[in-house]
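Below you'll find the structures, each written out as structure tokens.
Both of the next two complexes hold chain A, though its partner changes from chain B to chain C.
On to the complex of A and B.
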């Protein structure tokens, strides 16, 4: 299946399905927001304000035709929890293109003339350290959304090599490689996740942590895929053009790489799209358990950690929002993957 | 089966020996534990030997039924596992039962109403269900449960755990009700998670069976729709589902981990996390082996059920 034919069939399927277009649009929006996080987010991801611990989402007011927020201050209730009240005597306008970012409060206007405290804009509320959830969500998207794509690429590469070699050469190569695959498939993924997590250091530099997690996730996903690729390559092995290429004396590895493996790419495209959500969820789960991305770095799973203390969740329900972002991304990938499958797999047609 | 398990244990052991932790770190840090004792424990479990020898010694003990000692729980590993296994099996059985009870009729129903609004609604819902990560769903349900007022018969809805604090004072019926009450939330999370996939497969399989020539023949002979569906189509449509049952079950045993952890249901998943967190070597190895064993048993179960339902499949 050639590249252009694939693309045009996909385009055709897209035109027919509203859901597929919606999901692709959502994905594009999410990725764009994550890429531009440094500009869209009103604050940095580790920009703390101890005076705003668990501050609720800011109420936008329309004053003199522009959106404004009132500064908030807190007092303690009978169970020593902070209760925030708005100071309606001051209103700070939310401006576009301030402080080198897309929107936010002007840092000079935000400072109170009385006590020098700084007002903050929390569209989605604040966390325990008074960091803006929206900003952290946007920065977290960089990790949560990229990890799936990178993870799938690595495990697809491993699967191509292992599955290709096993299917193409057969014999003892096939047998030994497939035994290894089967053993990996036999370990339930959560336990394998735990094992690999125990192996790799995660209290290092954040870039090393990111790479370790990607590596862990790809080591879980490759085995099943390798078996399918092996089957596909095996069925191609006796195809005329493969036999001809080999008879012409082309090196077997070149035949495998140039002639056999490209035939599996259509299938791999579907498979990759459908398995990205699994990686996103696995990363979030790992970070949620405190075994993945570490504070102050953010990912959606890491942000959800704040809602793990069930007894307090009703005091700051906005800490569940990262889960919604996660859900939206996974749903879009599932819908897009389904549309892609319908487009590329004629047998699955409705 | 046995060689595969040995392979699993080999990989698990190799990965663990690569990990930087020290299983006796807690003991070493404790000033009340004399150095002499630590050296004795090291010698007893072979922590001072090279890794291949450690592995063989461990394997030798496992073959004799000794899974080792858990330094975290300060009890033999086998004892800890036995307790947790029950909880995980109970949860998996409960949610599998519930999933099947709902998903199969739903799938058949939406196949019969193909492309009409019930089918479309169900298919959108199943995408939503498929895309909700189990831990997020668990958090949402816990949040909802924490908002529930105290109900007359049930009392305050429990958020997490296996039993209430006063469990030991309850009579048998009270105990069963107490466990069921705790089971409901994690069970519901897993059921909602499993519904979508099973419903889609049930729908697809029913559709495919209904397009077969023998269904047309049955209709041509004037059989009622009900007879055609339940007498002729269903058993054939159920074939792929039954194969799936084993896989579902084994997937639940490992996929339930996040749900168990969030709802603090004391099962194998929570145990694996605790073991890894405390670098409890023998416990980690045992949970991994147990997980793999359960997975294999699930696959075996699925093969046996398949052979039972489909006479064309021969058990060899």
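On to the complex of A and C.
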């Protein structure tokens, strides 16, 4: 199928399905927010304020025609938990393009003239160390949303090489490569994931941790895909244009790369879209268990660490919001993958 | 020059326990076109693929000599130099023999890159030249075309250009006109014949169509059930067939020999390779068969007589 025909079919499928448009829109929104996190987020991901531990979401007030927040102060209740009270005598306006960010409180205006304490803007509430959840969510999206794309790219590449060679050359190449695949498929993936991660030191630099998680995830993810690619290439091997290319003396590896593998790309696009959620969830799972991204670095998984007990959820329900973001991203990928499949493979029928 | 370009001697091809081609011997001289004729399943295509070493999982024995060089024991690298460079092939179905994702130009450049070491602008120029030689109008613009934008005849011309771009000594054409309309068939046949003359190549023309073979071939080899049964100059074999199979084949083509009366058909059908009969493989369908045909394989003598115990008399 030619590129233009595919594109127009995809456009057609988009027009036909509200869900497809919504899911692609959501994904675009999430990725844009993550990419621009450094500018959209009102605070840095590790900008903490101990005076605002577990501060609830700030109430926006409309005062003198602009949105404002009141500073909060706390007292302790009978079970020694902080209770936050708004100080309505002061109102600090939320300004656009302030402190080099999209919006936030002007750092000078936020300081109280009486005691020198600083008011903070928490649109989604704060965590135990008084860090802004919205900001951490945006920065965490960078990790959680990119890990799927990077991981799928790596595992697709491995699968293309292994599956392509096995399917194209057959014989002992095929047999030995497929046995390796089966070994990887044999082990329940999440346990393999934890095992591999546990063998690596936990106190690495966050970038190294990120990289090692991606590599581990793609090391687990390639096997199933490689088997499917092997099957596709095997059926292509006797296609006339493959035999024709070989009959013209083209090197087998060139035939594989130029003539056989590109035929699988339509399938790969669908497969990649549908398997990205698995990577996002796997990373979240690792981080949730403390094996992934470490505090103060943030990902949606380790943000959810704070809502692991029902008591915590009861006291500060906003800590569940990262789960909502995770849910949205995973759902959108699945719906977008379905739309892509409908567009690329009209035989599938719906 | 006395030595033939291609000399195939005792070529046998087996898939597992089944022998698909049995001791086939052929020669093609320089500048000659040999027609290889037979029904479906008689081993024509397998034989032609074996000339390029393209049979997967088959055991090929015997000798294939091209220009004095033995091909059967070539290394993979050696085969790649032969394929497209010395022996090139035109395939049967132009609708499927081109990669749908690549442009016509890319297909041709691939051959020029492999065998002539040409790249980029230079390869493009040669590719356009070849398209012009196979009679494609507006060749420079056609380089950008994808296979689905071309008609069947155009695609077959592209495939011919691809086969010729490596300037091979021998062109193997495996039923190159079967998938085409009759009017286009004639054009492609003339094109092949003209290009063969211009480039002074030899050609092995594989077909089941006797009308086509009469038009292009100098000599004719008739294959039945994996064995060569008759060989000779095209005019002679078609006018005075001496093997009962060739005779029956000709009698079953309208307007060929049976200009009057009913068309004859050969009783029965070609047996499958796993159940080929003993002795002469044609004997169950032959009305001249005697006891010796059931037990003894007839040889193909080198003097132009057929592989038959009871050949038809010359001129009968």
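Definition applied: the second predicted complex is superposed on the first by the 347 of 350 C-alpha atoms of A that agree within 3 Å, B and C clash if a C-alpha of one lies under 4 Å from a C-alpha of the other, contacts with A are read in each partner's own complex, and residues count from 1 in each chain.
The rule is simple: contacts are C-beta pairs under 8 Å (C-beta built on N, C-alpha and C of every residue); 3 or more make two chains touch, one makes a residue touch a chain.
None of these values were measured; they are calculated from a predicted model.
Trainee: Using the superposition on chain A, tell me whether chain B and chain C clash or fit.
Mentor: Overlaying the two complexes on chain A (C-alpha atoms) leaves chain C and chain B fitting together cleanly.
Trainee: Looking only at chain A, is it chain B or chain C that touches more of its residues?
Mentor: Per-residue touch count on chain A favours B.
Trainee: After the superposition on A, what does A:281 contact: first (chain B), second (chain C), both or neither?
Mentor: A:281 contacts chain B only, not chain C.
Trainee: Is A:246 touching anything from chain B or chain C once the two structures are fitted on A? First, second, both or neither.
Mentor: Once the two structures are laid over each other on A, A:246 reaches chain C alone.
Trainee: Is A:94 in contact with chain B, with chain C, with both, or with neither (first, second, both, neither)?
Mentor: The answer is neither, since A:94 touches no partner chain.
Trainee: Which angle, in steps of 10°, is spanned at chain A by chain B and chain C when each chain is reduced to its C-alpha centre?
Mentor: It is 80 degrees after superposition, to the nearest 10.
Trainee: Now for A:263: first (chain B), second (chain C), both, or neither, which partner does it touch?
Mentor: Only chain C; A:263 stays clear of chain B.
Trainee: Considering only the touch criterion stated at the top, classify A:335 as touching first (chain B), second (chain C), both, or neither.
Mentor: A:335 sits against chain B, while chain C stays out of touch.
Trainee: Once the two complexes are aligned on their shared chain, state how close chain B comes to chain C by Cα atoms, in whole Å.
Mentor: So the smallest C-alpha to C-alpha spacing between these two chains is 25 Å.
Trainee: Report, in rising order, the residues of chain A that make contact with chain B in one complex and with chain C in the other.
Mentor: Of chain A, no residue contacts chain B in one complex and chain C in the other.
Trainee: Can you check the complex and tell me which residues of chain A touch chain B?
Mentor: 179, 182-184, 186-192, 194-199, 201, 277, 281, 284-285, 288-289, 291, 304, 307-308, 310-311, 313-314, 317, 320, 323, 326-327, 330-331, 334-335, 338
Trainee: Can you name the residues of chain A that touch chain C in the complex?
Mentor: Going through chain A, the ones touching chain C are 1-2, 170, 239-241, 243-252, 254, 258-259, 262-263.
Trainee: What part of chain B is in contact with chain A in the complex they form?
Mentor: 4, 7-8, 11-12, 15-16, 18-21, 127-128, 130-133, 135-136, 139-140, 142-143, 146-147, 159-160, 250-251, 253-255, 257-258, 261-262, 269, 272-273, 275-276, 279, 284, 287-288, 291-292, 294-296
Trainee: Applying the document's contact rule, which stretches of chain C touch chain A when the two form their complex?
Mentor: So the residues of chain C touching chain A come out as 52, 54, 56, 76, 79-85, 88-89, 91, 93, 96-102, 110-111, 114-115, 146, 148, 159, 162-163, 166.
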